[in-house]
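Here is the structure we will look at.
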Amino acid sequence: MTLRIGFLGYGFMGRAHANALARLPMFFPDAPETERRVLIGRDESALETAADRLGFAETATGWREAIDDVDVLFNLAPNFLHAEPSITALERDVHVLCEKPLADEFDDADRMAATAAESDATAAIAFNYRFLPAVARAKRLVERGALGEIRAFRGQYLQDWLLDPDAPWSWRLDADLAGSGALGDLGAHTLDLARYLVGDVERVSGHTRTFVEERPDPEGDGTSAVTVDDAYSAQLAFENGAMGSVEASRVAPGRKNDHRLELDGTEGALRWSLERPNELLVRRADARGFERELVTEAEDPYVEHWWPPGHVLGWEHAIVNQDSEFLRAVATDGAYDPDFEAGLAVQRLLDAIQRADRDGRWVEI
Amino acid sequence: MTLRIGFLGYGFMGRAHANALARLPMFFPDAPETERRVLIGRDESALETAADRLGFAETATGWREAIDDVDVLFNLAPNFLHAEPSITALERDVHVLCEKPLADEFDDADRMAATAAESDATAAIAFNYRFLPAVARAKRLVERGALGEIRAFRGQYLQDWLLDPDAPWSWRLDADLAGSGALGDLGAHTLDLARYLVGDVERVSGHTRTFVEERPDPEGDGTSAVTVDDAYSAQLAFENGAMGSVEASRVAPGRKNDHRLELDGTEGALRWSLERPNELLVRRADARGFERELVTEAEDPYVEHWWPPGHVLGWEHAIVNQDSEFLRAVATDGAYDPDFEAGLAVQRLLDAIQRADRDGRWVEI
Amino acid sequence: MTLRIGFLGYGFMGRAHANALARLPMFFPDAPETERRVLIGRDESALETAADRLGFAETATGWREAIDDVDVLFNLAPNFLHAEPSITALERDVHVLCEKPLADEFDDADRMAATAAESDATAAIAFNYRFLPAVARAKRLVERGALGEIRAFRGQYLQDWLLDPDAPWSWRLDADLAGSGALGDLGAHTLDLARYLVGDVERVSGHTRTFVEERPDPEGDGTSAVTVDDAYSAQLAFENGAMGSVEASRVAPGRKNDHRLELDGTEGALRWSLERPNELLVRRADARGFERELVTEAEDPYVEHWWPPGHVLGWEHAIVNQDSEFLRAVATDGAYDPDFEAGLAVQRLLDAIQRADRDGRWVEI
Amino acid sequence: MTLRIGFLGYGFMGRAHANALARLPMFFPDAPETERRVLIGRDESALETAADRLGFAETATGWREAIDDVDVLFNLAPNFLHAEPSITALERDVHVLCEKPLADEFDDADRMAATAAESDATAAIAFNYRFLPAVARAKRLVERGALGEIRAFRGQYLQDWLLDPDAPWSWRLDADLAGSGALGDLGAHTLDLARYLVGDVERVSGHTRTFVEERPDPEGDGTSAVTVDDAYSAQLAFENGAMGSVEASRVAPGRKNDHRLELDGTEGALRWSLERPNELLVRRADARGFERELVTEAEDPYVEHWWPPGHVLGWEHAIVNQDSEFLRAVATDGAYDPDFEAGLAVQRLLDAIQRADRDGRWVEI
């Protein structure tokens, strides 16, 4: 059986997932076969060009109709377009992989998860960093008890692409279209990994700031208002008693994609950064300091699909690994984690952090 | 004129300051001459041994009387003994350098600062890390505008000496004697540097945890309760609009003395860690990433007193540099920063973080 | 026009280049179209499986005949099979990309380069690391004079896959089949980059050692002799007066693929390691230390073909970038660098280092 | 008994050793007592100032006479003044600690070692880096077999204080006064640690270069010729079969005092740099990568004399540790390592490297 795939969106994420599908046969021969059937968007001319480049057979400007031609929808649209297409697809038992965060507001995310729970189709959220070998190895180490009980989680996601006050306005800077800024865009990843590696969160504090209030609008003569945060921070109290502190910024000079995680346990500790995605720093029980592990051994998650030890992978491999898992779940009717429930759990945290910030108090989850 | 010095306390800090006094003539020939007159403590036998080793002429078991024999009191006693001896000394116009935090509770700190304001003597608090060349250089860079306006401060102070649940109980683990745990012991340093490098704080959130509730008591057969935090975190809102996130732990595996600071500004950024005290990472305006500077050039603060470029300093040099500045202020009736007012400002933050934690809400300063 | 491609060899390098060809349409739309026509090898059954996985239409066990069916031959065979197929192909004006080192012995390499000089076809050697963005950027910086005149080159290529004395014997460990060990396998890369970044070498010293004299033979019951070096080092005197020291080991514990380069000039310096391929450390004129650059900006070589800033590439991208350049040269009859002449220049160094080692003296090139 | 100490020289090294003597009572209470009796030099006025600062009771301009007033001579003079004063002192059974390299030429070094062998006094050479806790711990790890058999030693000592072509001429740049340049000044340290950690060397190759042929003479109007090397490199073949590659430069941009060592063994590996003197990177048997150890634990060599874990030491502590060992040997008539024999062994390597460079061939030791 060949899965017919539709993509809603053809920007950065469209390329990343199209690349993933194209690479599966060579690197994940056990993954189901796919056909890039239809690329869905608004601008017909841009669509044609993109479809040609990304290997899609057809294009469509109406997602409602296009959904009927596919087995799987990759929802790669801006956040405000996550809910309706995903819900419609799931209602028709079309499988969905939706980019993060699950939605631009909590209610939409809640409806999406409810629909997913009713649907026979698989509903996945693209928390792709779980699928980097080093992060997946971190999970294994935690599960094996190499750290003992987790006491602290630190997660910071730092970028600087909005440092220049003349960096142009886009939908990502509009609260109605994106929901939030660094919080939802970057923090969603951090919060998912916090839950993945430590467990559920009991309550949160929150702090957000917008440093540049308006930016040049590339589609107009003037400027448009920035209505989302440039940076956020939050404290987390996990159900298991661990403490968390998380933070993100899109105005942190000198950081390009520095998603840093640290875990402290009763026995050991871990450190990792997305700017060096193949490296895991591990402080083992009774060791003095951290050992730098290059996570490129055949025994490491996903690595056997790729290259010999020492031949490092890049950012994009997380997407390929993720999509292979998702499509295998689709083909086998198997469970997929992280699903819309996991996406909703993160959305709940995003929402709580915003409320905690607004009210100046901790918010129970 | 030779300043007669008394030390209250002869442990780790006693050695550190005695070493500082001993080294001043060779390395800071312009500093005033000092005489290590009297070492004050409780245990006469231990006092004798320590006085011999640390170069003190006399010992005393009563601090009230001993104060009259000195021009300067170094208050190196446990936190609960900071207030009375310091206040008494200042009332008699004896100069005081007091270890941090200023006191074990806010009211004492408040009285100390009030007394200092009335006294003709110099009242200094030992926030020694200000006097490391790299930190002092960071201050210069901030003042010169190399970072632009500061938007974010991150400060983490991580140690692991309490990771072992059998690490023994001490006064540092008792709320009545120490005031707080990682918060006051380590966080006081971080909060001082936050104020030093960024400015005053407007409000804070707080989170503290005690992971090991009781520990073996080395002076008894059994165990004693730990009534202070093993770890804390807090969010800061600075008056100038910057965001802060700070944290400390004494149970962070693999960290020995990892006091890490990061500053983000509109133009540049800085990073530093106490485990590599001679290195400052600087992201200059329009640069891509961080430049590693070895802060050992003759132009760097304090360096001309020591060795040629590339010959790194250690932890202790912060104490020597600090004490030279303090004693020069004493000898010249000059101002000294950080003084008890600076100590009180940090105490106010420590107190607010504890209240914020207890009440689950942000607290205005 | 679609270029018909044949591969001689289908192991690690077969996968790497097949992946490259498969990715060109999406990421290098201007590269010529290719057809994976024929996969050439000895073992028919393994060939079938590999052809299926790597996307080849046909298989062949005789390279002489298969060459006639293709426009381009990728010679990915063991070193001792580099010469005849490459020469035969070039004599028939079939373009060739040959893996490094050019040959197992100097005379073969010399014949290959002579044939290439006579042929109308393009003859490329796969010094793939030139095509990593960070290395290509290093070249740009050198050319722009950011380092001034180069005075020193240090290059070390460290791995540990032969550390275990029970790691099995293979053709790579036989002097007749491979020519040399770490020297030709790893050193060839280093020496090419030395020539690329600094210039021609005038004379060399040499030192080689075999630490494990025999290893288990996976195709037999017993062991086979290791007749190549486990490690080499050499000193270089460049024509422009720069000094070089180079080294490689396949028994360096804890190094997986640590190809490290350092350049010192009159104005600045560079550092780079293959284990962190996206990072270039640059010491600019009058700076104190090295700035860590993440070479993922759109302005950096090859990066515009891939992902936004901060989304790091992996090892394999060097192969894709390289093959795109090679195929573009093929399609346009353009020059390609590094060609067989560059391969021969490196072979001359490999040969000279072996002679210098044997004779205990520097050897003129 | 109080040892009467004389220093020949009062520059950088004079300060370093005077500081060491001053600190011994507090940190090494078991070390013998010392009296800084006489400071010896040429310039009476400068001598007076220095003696005052460094705590010497007297000054002298004639070393022959001054030697009779002391028990121990610290020979801190330029290289060309190492031989006669040291020999004279030893002949009179005055103990000597001589700065490195042992002499400016081999014959002098040979005479010095011969005299030391005849003398009842202790003859020490100041290879101070052996006495840093991290280096001493490295030695322990090697001795305990943590690395297995050593196969490779890499040592590089990089500085940039001569990068500026206008950096002034000094005796260090004159072959008659210094013997050699980077080779003797920096390489002597590296070669000593090579012998300390790996063992005796059997043969060497060599390469030296002078990049800046003349420099402004601070004592004249014009320039003076530089007759020593700015950089050297060498290959080593150890008697135990290990390979070595060593190198130094005083024109390496961005390196202030980067003395880097790496050891590879059959089981593990080590890395260390003087710019981070407290850190030892250890790759243990069967580990993947290197663990970063902060060598500040009480169990580490010399650390118990200083501060609690995590409170890093600086460059100068190597001198204090070394001098405490030397003086203890003096007071107990005990053996001291490294002695003049060790200094001679290094001098033999320095000499051999120069000959190997001149003759273009490996030289047997």
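So that you can tell them apart, the chains are marked A, B, C and D in the order they are listed, and the count of residues begins at 1 in each.
Criterion: a residue touches a chain if its C-beta (ideal position, glycine included) is under 8 Å from a C-beta of that chain, and two chains touch if they have at least 3 such contacts.
For clarity, every value in this text was computed on a predicted model and none was experimentally measured.
Put simply, the chain farthest from subunit B by mean CA position is C. By number of C-beta pairs in contact, B-D leads when B-C and B-D are compared.
Note: centroid distance subunit B to subunit D, computed from Cα atoms, is 36 Å. The centroid of the Cα atoms in subunit A and the matching centroid in subunit B are 41 Å apart. Look at where the CA atoms of subunit B average out and do the same for subunit C: the two points lie 55 Å apart.
Looking at subunit A, residues 287-290, 294 sit in touch with two or more other chains.
Interface residues of subunit C, counted against subunit D in their complex, comprise 147, 151-152, 154, 156, 163, 203, 205, 207, 209, 211, 231, 233-235, 237, 241, 243, 245, 247, 249, 251-255, 264-269, 283, 287-290, 360-362.
On the subunit A side of its complex with subunit C, the touching residues are 12, 15-16, 18-19, 22-23, 25-27, 29, 53-55, 159, 161, 256-258, 275-278, 294, 296, 306-317. For subunit A in complex with subunit D, the residues that touch the partner chain are 287-294, 297.
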